[in-house]
Amino acid sequence: MQYEIIIAGFGGQGVLSAGRLLVYAGMLEGKHVSWLPSYGPEMRGGTANCHVIISDEEVGSPILNFADIAICMNLPSFDKFETFVRDDGFILCDTSMVSSEKISETKRKVYGIDATTKAIELGNKAFANIFIIGKLLQITKILRPESIEKALYDVLPEKKHYLIPIEMEALKMGLSN
Amino acid sequence: MQYEIIIAGFGGQGVLSAGRLLVYAGMLEGKHVSWLPSYGPEMRGGTANCHVIISDEEVGSPILNFADIAICMNLPSFDKFETFVRDDGFILCDTSMVSSEKISETKRKVYGIDATTKAIELGNKAFANIFIIGKLLQITKILRPESIEKALYDVLPEKKHYLIPIEMEALKMGLSN
Amino acid sequence: MLRAVFREERCKGCGLCVVACPVHIIENNQSKLNEKGYFASGIVEPEKCIACGMCVEACPDLVIEIKEVK
Amino acid sequence: MLRAVFREERCKGCGLCVVACPVHIIENNQSKLNEKGYFASGIVEPEKCIACGMCVEACPDLVIEIKEVK
Amino acid sequence: MAKERLHPKSIQDKVWHYCPGCSHGIVHRIIGEVIDELNIQKSVIGIASVGCSYNNYEYFNFDVIQAAHGRAPAVATGVKRVLPNNVVFTYQGDGDLAAIGTAEIIHVAARGERLTTIFINNAIYGMTSGQMAPTTLPEQITKTTPVGRNTDYHGFPIRISEMLALQEGTAFVERVSTHDVKHIIKAKKAIKKAFMVQQAGLGFSLVEVLSTCPTNWGLTPLESQEWIKDHMIPYYGIGNLKGKDIKV
Amino acid sequence: MAKERLHPKSIQDKVWHYCPGCSHGIVHRIIGEVIDELNIQKSVIGIASVGCSYNNYEYFNFDVIQAAHGRAPAVATGVKRVLPNNVVFTYQGDGDLAAIGTAEIIHVAARGERLTTIFINNAIYGMTSGQMAPTTLPEQITKTTPVGRNTDYHGFPIRISEMLALQEGTAFVERVSTHDVKHIIKAKKAIKKAFMVQQAGLGFSLVEVLSTCPTNWGLTPLESQEWIKDHMIPYYGIGNLKGKDIKV
Amino acid sequence: MSEKVLMKGNDVIAEACIRAGCLHYFGYPITPQTEISHYLAKRLPELGGTFLQAESEIAAINMVYGASAVGARVMTSSSSPGISLKQEGFSYIAGAELPAVVIDVVRCGPGLGGILPGQCDYFQVTKGGGHGDYRNIVLAPNSVQELYELTVESFNLADKYRMLCMVMADGSMGQMMEAVQFKDKEDITVYDKPWATNGMGNRGHSNFITSVNVNPDELEKTNLRLQAKYRLVEKNEIRYEEINCENADIIVVSYGTTSRIIKNVIKKAKKIGINVGLFRPITLWPYPYEALAKHTDKVKAFLSVELSAGQMIEDVRLAVNGKSNCYFYGRMGGHIPAQQELLDEIIRILKKEDK
Amino acid sequence: MSEKVLMKGNDVIAEACIRAGCLHYFGYPITPQTEISHYLAKRLPELGGTFLQAESEIAAINMVYGASAVGARVMTSSSSPGISLKQEGFSYIAGAELPAVVIDVVRCGPGLGGILPGQCDYFQVTKGGGHGDYRNIVLAPNSVQELYELTVESFNLADKYRMLCMVMADGSMGQMMEAVQFKDKEDITVYDKPWATNGMGNRGHSNFITSVNVNPDELEKTNLRLQAKYRLVEKNEIRYEEINCENADIIVVSYGTTSRIIKNVIKKAKKIGINVGLFRPITLWPYPYEALAKHTDKVKAFLSVELSAGQMIEDVRLAVNGKSNCYFYGRMGGHIPAQQELLDEIIRILKKEDK
């Protein structure tokens, strides 16, 4: 099995760390993984995205031209990556940022979660990415929540570990949404 | 007819201008000419030389690997360029700077004139080159003295024209030496 | 009447106008993102605006103009 | 006796030692070229040399040493 | 005191890409207004450099040349020598001007080129994500001074304005700040004067603008303003360094 | 007063290629003597630059690295950071140091590298046969200022010592001259002190030596000495600019 | 062997540098390789080495020159425009025969260009962007694991031959994260450096490092010595990988990032009955001409796939020497060819050849 | 046509520049081309133009960039190490599509090397020493007369294609004196430059000059446009000279200084019954591949003679494409091959081929 995922959104929405979390957890589960961020001046007030591969076999090119899953955290990403998804793939989007009108227009299968709104409710819009990951895990079972938790401990600097319980709560909310 | 000449000596002995004078006069006489100086840090207290071609036909390479005539204004030049001269060519040297002992050792035909001594007598060691040119003209008839005089007027900056009569005197001394 | 007019779509929510305003009528609305993904600022009591242009000076994103509004 | 000794083959005839010498015993010989093609300088009255080293300081070509000469 | 403040003619109607709270935007606006006020939109030629503002030609509404990293002063020299009657300015960050471009800026000053330089000193490399700049303050943490700039190891900040004021070809130098409205207004005055000094043919003019880079400083826009006031100004000082008395 | 003065151990027994009367020779001799006196022949590392003295490694009798044009300070930095306990110096002309190498010399000073620079200011490019240098005097005729350096067109001479003294990392700067024995002796003292400042780890040290280039000035060696006195010293001044009171 | 860890390519380069015993780094920031310096800025001073952010790429390469001259293992890293600025320095390093390692994380040109991955500096790195007859060894890894291994190796090669060894990656290689497995102990050869100008000490004679010689006999001799060394490198150090070349209909020649795409294409092509081979030069200089030439009789065509307008294709053609047809496919500006795009191209070529 | 005058190559370049209507020069001194600037330092200010001695080669090329951006005819000149330093600038000029003329009077490398003539920068000038996919037109004159004519022409080419045009000579070409005959009036085409950033004036919109684009679609488009232009140059601008090639036993490929020696060798060879042809590329880029390839069936071998370790030989081999044997003969360090030396080499090759 090989999952090719693109995660895209605004600079501040944590799309790169969402990707990092996924590949880290994937590695913990013994899978072959690669992660490739978009980089550069887009970072300044623009959009960011990363290509993630989680696979049972060795990874060929880390660069995706198509994806099984596109996680779109905002409207421009939705517009840009909608056609990036294979016919049998799906889009997962933050419905706080992408209107249902838009969603209804695409031919692709779309899952949604109002991640940013929920995150703001939880006190920080930066939690949006973890909601999305929860939702992803719910849909695909690609990784175990425990792996994500372990990955969080490994990836986050010590001084941010206190946030992990809240993040896991968000994850679970995503998982059960 | 094609003359290939190398002129060599110390930086201050005017070997480059001697060469320039020859090609200029050559051009005035309607010949094909080329002049190529050695250049670079050798100039600082070292030796200098130039390659001169005066020919009835178009000039091929301006760079000489052999010469018909080597004009050696000092000992290092004599040592260096002795073997540069074709078997049927000759060396013309400043006998104030190259010992007769040295001269007697070479298999090449050698002409000499004590140019620097004569130049110092005339008041400036810088005249040595014009003595040598005089001698060259005496031996080869390669160019007419009048052409050298005309060349001097064209080549020297106006403010040095007052020197030309003395230079021509030196030339004649060389010619008749 | 001359008044500060915010072009909300340019705003990046930095909040510099908020502190620059001498009559304290600018607020940064932390609940709604503009299309660029920022919480945009705006004037909450437009009629109090004295059109001093302090916010124009402070804003790094040329969000604000002072102009005649009917 | 300590005295200035000229290594003539190094000399370029610049004449700086000539003016540097406080007892005026250095001369530049304008009639004979050394093997490098320069008129070399030298001491004309060695016995007057006070070994002050002024010429050593002045000479750009390390021509001169002050040393014991018998 | 109330007066109309419209979008400057010399600024295009685009949203720029700078981070929230970044001083680049403030200085862009000032430049646009000054060019409008001096009525030189048709003759001014800007030289963009390499840094976050590399593509300011997309925002400025007058002719602009994008220059290689650090070489804007050389490019400007080429321009000005061909077109001595046009107003020419460079827009450079501290990485661009004070590191790789050190030779070029000193030599335009020494030559007294009739150019104006707007020097954005934000004490860090913005575009490349936060390395030490020559102007980074002692103890300041950056990506390449992870435990703070140690002057013994990394050297001392360069005081660009002082060094350039020393050059005889320099006519006008002022260090200004963007940390509050009062100082922003002063910055605009200095920039305007710098252009006018150029127009008067008096020599090289430069305005060093103490600026924020909230993103790479890891501070909010408001904290960044404070940081200029509390750290940069005490170290660098602000005010005129040369040409105070020039009347233009 | 009379004392033995032998060929310095730190100078090889070769005739150097400089023109008659050229200051390079004087400064070479001084460096050799100073290195002998400080007894550092075994640890000193010289950095030769590009100019008439490009091959001084053939004359010096200690380790020398030939550096690219203008980059001797960077090369020296590489050396010193690896070998902090060796004495490292650069030997650079005014073309090398004040033109193409401007950025490198300013940044070693700003960084306070423990290096010494011997800066031969002969107001011209010697090696390449006499073009204007950044330090060429106003009105001076060179191959590229055929009617004299016009400050309005070619710019003003750069006062390197002043500019470098301004850098906080600089510990010692002195401008000296080679135009007569008295000043040559002073030059030696300054060069010796510069090395000692380095040994004491106090920062960057530089000695600017006002020097002759009789060949490209078109003057005799004696006239050249006069020209330093009559033209260069009045313009540049001589004396200590920083670190006068350092006791080493 | 230690455990697999997940790291960014640039971080791995930095770690490899430390593992290779290189404790001195001089560099200037440029995307997409800045992480190398962030990593080393933290680690090298801790290890008693040097991390110095130079005032420019030119200063950096000349600091490398100095550090190498006194015998240290030393490196710098940069990307395209920065590499252009270092060309004079490279030429000096070659002329002075100094060992040095340079990491070049290539972006898109020309000019300021873009920061996305490119292979458009192939000519620059392989044919010598600087002046004079010189060569640099150029290694082109295609995975994070290989980035690590070849970076370590580059220091050995540099010391062995006293020359510059470059590791050429591209933006995506530097930015991607992949698992890497470090060795417990590196194979580091320590070379004697009697030529180093590290102070005369009791050596009894002075050393000097130089690249200049105004005597043509001697300068020619220096050049002949350099050329002899380059022949030796060509003899000893050529590296490449061949996948599925034996029965291939067509051989795709590709290195770095693009070679990974070809791996996918091979699988895709097999499904529709096409046998695609991958010939991957790992040393771009010395180029594996002979190894590539061995295939000329067996395949219908060669296809060079590059992120450029066509540069390595010249070396492919030099290798093939008229014995087969050579094609080129490239993308520019940061675009990476898609698998299908390449497969279509291959089908087109094979159709043409079959006619 | 005016009278013949005797002039140094470098002076002729300078005079040609003025005659081509180029009134702006920015440069930095370096042997063996300093006379160019001495000449222009005198003349350009008299003519109301600019002669500016820059603080470095890098500053000079960027001044050229600026002057060209505002529409002026402009040039710089340098030699090998200086040309290496300008590589980033060249790449920017290519990316921004600016016309500019660069004179490169090549010396010997690598490093500081020597100042005697060399052709060891062939790769650098033809394959692009800078980063990115770009090309410069490179003209290689072999006489003082041609130095004049091609220098004038280089300005026309630069303007026509909005690209950098380089005149590559070597130390001996620059230093030699030979007769030259100037035209009474030059063929100068004046090109409209609506793209120039010379102040908006009444143009109604702002112009900008840039080489950067972070959008891969657009940057790829820029690159494709550049490549299309290069194809056009390849189609229109290839120049070469053939001497005695028709019935040649062997064709010597050579340019610049060395090609003149071949002219002598041809005569010498004829005397002993050997027919030597000279194929002289005048444009080194675009290279006359096709013209050279036309001879592959007729001759026994090709011999590339260069002042290098073997660089142009790659282009010769690319042209010949395996259809004939290609040999190389080179000298380095400032040495120039003697006529007899070359003749001996030719005899050796022919003997081998006849076996």
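A, B, C, D, E, F, G and H are the chain letters, set down in written order, and residue numbers restart from 1 in every chain.
Simple rule for what comes next: a contact is a pair of C-beta atoms (placed from the backbone, for glycine too) under 8 Å apart; a residue touches a chain by one contact, two chains touch by 3 or more.
What you are looking at is a predicted structure, and each value in this text was computed from that prediction instead of being measured.
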Steps needed, at fewest, to go from chain B to chain H via touching chains: 1
Graph separation of chain B and chain E (steps between touching chains): 2
Interface with the most contact pairs, given as the two chains involved: G-H
Intercentroid distance (Cα basis), chain H paired with chain C, Å: 59
Distance between chain centroids, defined by C-alpha means - chain E, chain G (Å): 38
Rounded Å distance between chain D and chain H, as computed from the means of their C-alpha atoms: 52
Averaged-CA centre spacing for the pair chain E and chain A, given as whole angstrom: 39
Contacts with 2+ other chains: residues of chain E: 18-20, 54, 66, 68, 99-100, 102-103, 106-107, 127, 129, 134, 154
Shared-contact residues (touching 2 or more other chains) in chain H: 31, 52, 55-56, 58, 81, 88, 92, 96, 111-112, 114-116, 210-212, 214
Chain A: positions in contact with at least two other chains: 40-41, 45
Touch list for chain A against partner chain G, complex: 20, 23-24, 27, 32-37, 39-41, 59-63, 65-66
Contacting residues of chain F [partner chain H, same complex]: 50, 54, 66, 68-70, 95, 99-100, 102, 125, 127-129, 131-132, 134, 143-146, 153-154
Chain G residues touching chain E - in the complex, by the definition given at the top: 28-31, 34, 37-38, 41-42, 45, 51-53, 55-57, 81, 111-112
Residue ranges of chain H touching chain G (in the complex, touch as defined): 58, 80-81, 83-85, 87-88, 91-96, 106, 108-116, 118, 120-121, 123-124, 127-134, 210-224, 226-227, 308-311, 314, 317-318, 321-323, 331-335
For the chain E and chain H complex, residues of the former touching the latter: 41-45, 47-48, 54-55, 57-58, 60-68, 71, 74-79, 81-83, 86, 103-104, 106-107
